[in-house]
Amino acid sequence: MDNAMTIPSQPDLRVALGPLALANPVMTASGTFGYAAEFANLVRLNRLGGVVVKGISLEPRAGNPPPRIFETAAGMLNAIGLENVGVKRFISDKMPHLRTCGCRIVVNILGDSIDDYAALAGHLSAVAGIDALEVNISCPNVKKGGVAFGTAPEMAAAVTRAVKQETDLPVIVKLSPNVTDIVVMARAVAESGADALSLINTLIGMGIDARTRRPRLANVIGGLSGPAIKPVALRMVWQVASAVSIPIIGIGGIGTAEDAIEFLLAGATAVQVGTANFYNPGATEQIIDGIADYLRQQGESSVQAIIGGLRLGA
Amino acid sequence: MPEHQEKSIVLSIERLSPSVYRLTLHAPLIAGEARPGQFAMVACGSTLDPLLRRPISIHQCSGDGRLQLVVKVVGRGTQLLSEIRAGQTLDLLGPLGRGFRLSPGPVALIGGGIGIAPLLFLAQSLMQTGQADASCRVLLGAQSGEDLAPLAAGFETLGCHVELATDDGSLGRHGLITDLLPAHLPNLGKVYVCGPHPMMAAVAALCASAQVDCEVSLEAHMACGLGACLGCAAPGADGRYKHVCKHGPVFKAEEMAWTTR
Amino acid sequence: MDNAMTIPSQPDLRVALGPLALANPVMTASGTFGYAAEFANLVRLNRLGGVVVKGISLEPRAGNPPPRIFETAAGMLNAIGLENVGVKRFISDKMPHLRTCGCRIVVNILGDSIDDYAALAGHLSAVAGIDALEVNISCPNVKKGGVAFGTAPEMAAAVTRAVKQETDLPVIVKLSPNVTDIVVMARAVAESGADALSLINTLIGMGIDARTRRPRLANVIGGLSGPAIKPVALRMVWQVASAVSIPIIGIGGIGTAEDAIEFLLAGATAVQVGTANFYNPGATEQIIDGIADYLRQQGESSVQAIIGGLRLGA
Amino acid sequence: MPEHQEKSIVLSIERLSPSVYRLTLHAPLIAGEARPGQFAMVACGSTLDPLLRRPISIHQCSGDGRLQLVVKVVGRGTQLLSEIRAGQTLDLLGPLGRGFRLSPGPVALIGGGIGIAPLLFLAQSLMQTGQADASCRVLLGAQSGEDLAPLAAGFETLGCHVELATDDGSLGRHGLITDLLPAHLPNLGKVYVCGPHPMMAAVAALCASAQVDCEVSLEAHMACGLGACLGCAAPGADGRYKHVCKHGPVFKAEEMAWTTR
């Protein structure tokens, strides 16, 4: 009796973000998975499509005073303040373990100026084991009065060009959702040479403690993430996928395979799981398995078949 | 000590006082490795609201895989935990964080309110390993006797010397438990404390001037419990932030900045 | 024995939105309370600070095909498509009951062009029992290629001026949150003569059914409302309250007295309850009672004392 | 008929089949006024997820304030309802909508799957008021006998003539219950139907060509249940949208557009 015949074959989960090939479309979102070591006992890291590490700056940053996080309805606010060990210690202390993960390693970078981003890209290009850079443009441009790079198309374009010039690594630009027209931002970045887009970063939110009349975050405002923002993220991914031709990584409130599939259908080539790593550390592996199950149920042999597969019209 | 995501089975839930519940769980992976002062991140419901797990200290473990938590209802998450019933499952992540560093010698354990919960596990370990003896002082305080009595149970049978205080005077001394500490300090090698922040600050200050080692178990809002989100920052004495879930929750008192909060 | 002495007096809940005085700060949000009659058996309408009716256009509108609503994590998407009976039937069929409610009646208006808004304002100004107009500028400007009035400051300003010119009623302009900088929009509208601002309208979102690969709404995209959006709404209210001097009505995910108090602390003079009317029809009355309880607990004799009372700094 | 927001008490919950549960509630305000075909908006949990109430038909009411709902688990909300226990409270909004218009004469009640639930209340009212007699035909269908048997119980004792069909042939006729209708149509004055949309469309078409009155109970996604949100639109025969919660859920078949869905 050949049992193998009744077991449906494993669907092909491979996807490519331009030059960056992934074993499957499921990555972890920056700032929600540390430097991967934190989850090594809970997740088989080599099963992941990729890990995006916590945002790295040129110099170490202490971050904001506490409280830094606050739970909201089906979401959370964070104002970590971009705490990180800085690029030097990242390379010396964090990269050795990251090289052993057995999956794609993407380094998220952030800066106060275009020069910062360029310098980071230069530094990191020489480091073995880094597969791509993800440029976080939701940071304030100190030279332009603190307006976020990600809210003005010319600034976002300039950062993209500067980073591309300094590196041969694939460059993913991560968009901020706090804009009137996400398509304008996406086009500006795509035309400036980005290899792929990540969206979305957090929405800007706030919480207040009625009893004490104080803000819930020491920083007053913070980034809203989690299932609460999924509908906004999905809409933006769909709008951008309909407008630009470079691949998109969908991010925002993804916690289940169904969530991930919705983003793929909307046109994302891959997804990142963020806040869900906190409430369910097993989320990423469950999502990978769930996508495979879905493809089998739907009679699809490859995940490619569903990317952008949203059915419109009657 | 690897962390586990473990679907534990609720063996029983007991109401110890109007707002305090004890959950006995079957969680062999976590119970098998937990150390005093460590905690678990507990999923309080099955829906997306509340979203995040809640940090709860390990109250007691047994060799047969049983694990106890003591939970005080203060908000929605702990309310949902108090409504759980025997037979249901509870998703735990643990054991997490750095617990108490046990060392031999004359010690005091100081607990306030629900902060008493992790101290029973500590007292058991100290007494059972012989690192502490009948000289072990346990100073426990709470609002009222109703709150304090169930939390204070268990220490005396271990052979510790227990002293109690309540804010309303309904059990033990009327006043703050920290008032009882100075009298003991000259005879102590180490003090372990878990309770409200002002209480820990007071104990840390007393120990610092008496040059007695002091370990404190801090609280912070936590999202991951794994050192990944960097949400649980607490200011250290060196001007840098520590992460309560990973560097703590138990810290040497002198590592932390006590004035800036 | 004088029992009355131990009962704390009822705090003063009265507030004023510029020229519009309210008995208390709790109103209902447009589109979530119908024309008030729908809730007459469930809510003592005369206890409300005010009712804002479903958006009214010059001509009746059929609205979008179903499905029109979809539940999301702690929120919902709607794409009702501005279905309404049109201004004539509103005046003849709905106003008679509205006049008997015993609370302030605010009429939410919407149009395809600036002329539409102006004409609506003119029509409604002559109608007895209307206390104010709320101008919904989240609608597409048909003459400007469908860009929403609420996303371009000049268009929002032009609508505001046009409406002000046609009416002596207090004019409240309701802002869309789908913009890069809400303060720019608020300033443009305030400088154009608006008497008060309402914020926020819904965020734009989307849902997909993974099984059928179809959008969850026939209209594909829709408005996200409910507790999920509260942190974004609160942040925008705080930003705008810090920047303009006209009164603000806070809207977005308010379901409890605590929620409402957070908006008042952030600087709102009044609040509107929207989606909560669906999952808890008793919400508005509970919020009014809860604000009074809070003020007593905090030793405040008037709600005025907490408006903008957020405590910043150490 | 005023609507009430009523915190009902769960008297009992019974599992009728692997996915179908019957809840018996004490809800005197709603039970006192409900008419067959009306529904309640039921709050399925105590947290903000799921957020919205779920529409559930009134299955039976009694003079002493008892009200029954029959719930099929299809998603998160109905799953939470199935986990409720006797003694807990359930927040209901009802009775809502326009029910069946009862009229005397020879009738058939046609139900498919969980759509059978509201028909028992209808049959009771018809039989008890004498508007229907033993000629009353009840045609009920479901996937399997396991699903159908518990829902079909109760009609025969009322004195109705019951015919069953299942998709898998495990109970009654093998096939669609609508196949049985044409034989009866010449003798019928009115047909009431509640079930899957294609079944109702088929019945509506059969009745239309036989010129027999037909009332259908529609489903739609609902947020308010009160006619306020305008979310529950269904296309009418006149090209306008009807609101299922207010104009329905029961409509005359000819009021609705059957082709556009």
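Order of writing sets the labels: A, B, C and D. Residues in every chain begin at 1.
Everything below uses one rule, namely that a contact is a pair of C-beta atoms (placed from the backbone, for glycine too) under 8 Å apart; a residue touches a chain by one contact, two chains touch by 3 or more.
What you are looking at is a predicted structure, and each value in this text was computed from that prediction instead of being measured.
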Number of steps on the shortest touching-chain route linking chain A and chain D: 1
Chain whose mean Cα position lies farthest from chain A: D
Cα-centroid distance, chain A relative to chain B, in whole angstrom: 36
Separation of mean Cα positions, chain D and chain B [Å, integer]: 54
Interface hub residues of chain C, defined as touching at least two other chains: 73-75, 226-227
Junction residues of chain B, two or more chains touched: 48-50
Overall pattern in which the protein chains touch one another (line/ring/star/complete/other): complete
Parts of chain D lying in touch with chain C, wherever the complex brings them together: 2-5, 43, 48-53, 93, 220-224, 226-235, 240-241, 246
Parts of chain D lying in touch with chain A, wherever the complex brings them together: 48-49
Residue ranges of chain A touching chain B (in the complex, touch as defined): 31-34, 38-39, 41-42, 54, 62-71, 73-76, 78, 80, 83, 226-227, 255, 275, 277-282
Partner chain D, residues of chain B touching it in the complex: 45, 47-50, 76, 80
Complex contacts: residues of chain A adjacent to chain C: 72-75, 77, 151, 178-181, 203-208, 210, 212-215, 220-221, 224, 226-232, 234-235, 238, 253, 258, 261-262, 265-266, 294, 306, 309-312
